[in-house]
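The structure's right below; bear with me while I get my questions together.
As written, the chains take the letters A, B, C and D, and residue 1 is the first residue of each chain.
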Amino acid sequence: MTVFVQNKDFKAGETINRLSKENTTGAVVSFVGFVRSFYDGQSDAKDMKLEIEHYPKMTLKSLEQIEQEARLRWSINNVEIIHRFGELKMNDQIVLVAVSSSHRKEAFLACEFIIDYLKTEAPFWKKEITDSKEEKWVEIKEADINKKNNWL
Amino acid sequence: MTVFVQNKDFKAGETINRLSKENTTGAVVSFVGFVRSFYDGQSDAKDMKLEIEHYPKMTLKSLEQIEQEARLRWSINNVEIIHRFGELKMNDQIVLVAVSSSHRKEAFLACEFIIDYLKTEAPFWKKEITDSKEEKWVEIKEADINKKNNWL
Amino acid sequence: MRINVLFFAKLREEVGENKLSINLEEFSSATIKDLFDDLSTNYKRLSLYKGEIKAALNQEMVKDWNVKISDGDEIAFFPPITGG
Amino acid sequence: MRINVLFFAKLREEVGENKLSINLEEFSSATIKDLFDDLSTNYKRLSLYKGEIKAALNQEMVKDWNVKISDGDEIAFFPPITGG
């Protein structure tokens, strides 16, 4: 597994290329998460920002545990995860999870599993800053807890 | 939906970028299929080739039907599909299916649905050519039929 | 009536043609099945694959081979799809 | 014994510090729970979030706050994770 935690943007295509190098890789499934408008439907939310804070020493440990758990469940080749921190704006990429495998089913399952766990287990926190500079820590979503628990 | 059927290679990152333009897009899930060694485990299969034939007039029609079916099931924003034809070699990219949506669950489901249908409904045929120039049309896989039927 | 018949992949190789332009005046109401049986008398090896062959009428998969063919139709025969 | 305590996100803002270096000589066998209760007397607003706060001991999530703390440990308190 390769993990990058960085402020700068990333290119999903480069990750997919890196994961395709093995002869036994037939499938790469990737998930990219973006900053989307949190004023649902309001098109004038142009200056909204997202601030992402993380716990650097813990991040790799927690992602490695998630990857190990995925490998216990499915036969996969490789995993790459990129998570940005710092200040992001609308439409920016936040996170990438990419999984390679011989067959696509395993890559789909492992990729979704990893992002579902990452969302509730990897130490990142998001703060929304509206156009009018209001700051609000993002609350954990019931849906995210449920998605994770569905894997148990 | 955007569909490209082409001989030349593609950049998955460009597709993901195109799909991320909408403010309501929070997730892009993509699947990339690669030519993998069909001599399982034989590392000397360096000159193997894959030849892909297709039925151009039917391709777009069939992919549009698959997309429509996906939209009946899930709320998704956009879909891009790229499928190559002609001669490909080991590790080459064959196909890309990328789906954007507000929430990741829908993008995962729709992406997997579309590739599962594409594999058995979109008019492409693969021929394997071994290092010793033996030619063999790829047989339909039981697993692919089952994957498609699981959606019914 | 004039129709176009296309073959793909293994069937194209067996028939040795990718496209036939056929005049079906002699049939009053031909179906895909009639057409296939007729083609099989000219291209004997086609019948070897009968059980697995798929057909498309005007670029749409045909499940019921009793569907009628009309003037100008494009009919394609091919083995099971192995895309992606 | 000396330990490091880290706060993240909303808790970091409430406490006004991201890191405290604490000497725990007075406790013979402190637990995460003891530490949190002790911190709550100095940082009153921490207790407002008690129900939702997560803890990590040496970068691993701690489910049972009765786990003992040892010299040199790094303990982190934070609100529920909202990554990805």
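Basically, a residue touches a chain if its C-beta (ideal position, glycine included) is under 8 Å from a C-beta of that chain, and two chains touch if they have at least 3 such contacts.
All values reported here derive from a predicted model rather than from experimental measurement.
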item	value
Common touching chains of chain C and chain B	none
Relative to chain B, chain with the most remote C-alpha centre	D
Geometric centre distance via CA averages, chain D-chain B, whole Å	48
Centre-of-Cα separation between chain D and chain C, whole angstrom	73
Inter-centroid spacing, chain D versus chain A (mean Cα positions, whole Å)	26
Shared-contact residues (touching 2 or more other chains) in chain D	none
Shared interface positions of chain A, touching two or more other chains	33, 115
Inter-chain touch pairs (all)	A-B, A-D, B-C
Chain A-facing residues of chain B, complex	11-14, 16, 20-21, 23-34, 36-37, 43, 45, 90-91, 93, 102-105, 107-108, 111-112, 115, 143, 147
Touching residues on chain C, where the partner in the complex is chain B	6, 8-10, 12, 56, 59-61, 74, 76, 78-84
Sites on chain A touched by chain D in the complex	33, 53-55, 57-58, 61-62, 83, 94-95, 115, 118-127, 137-141
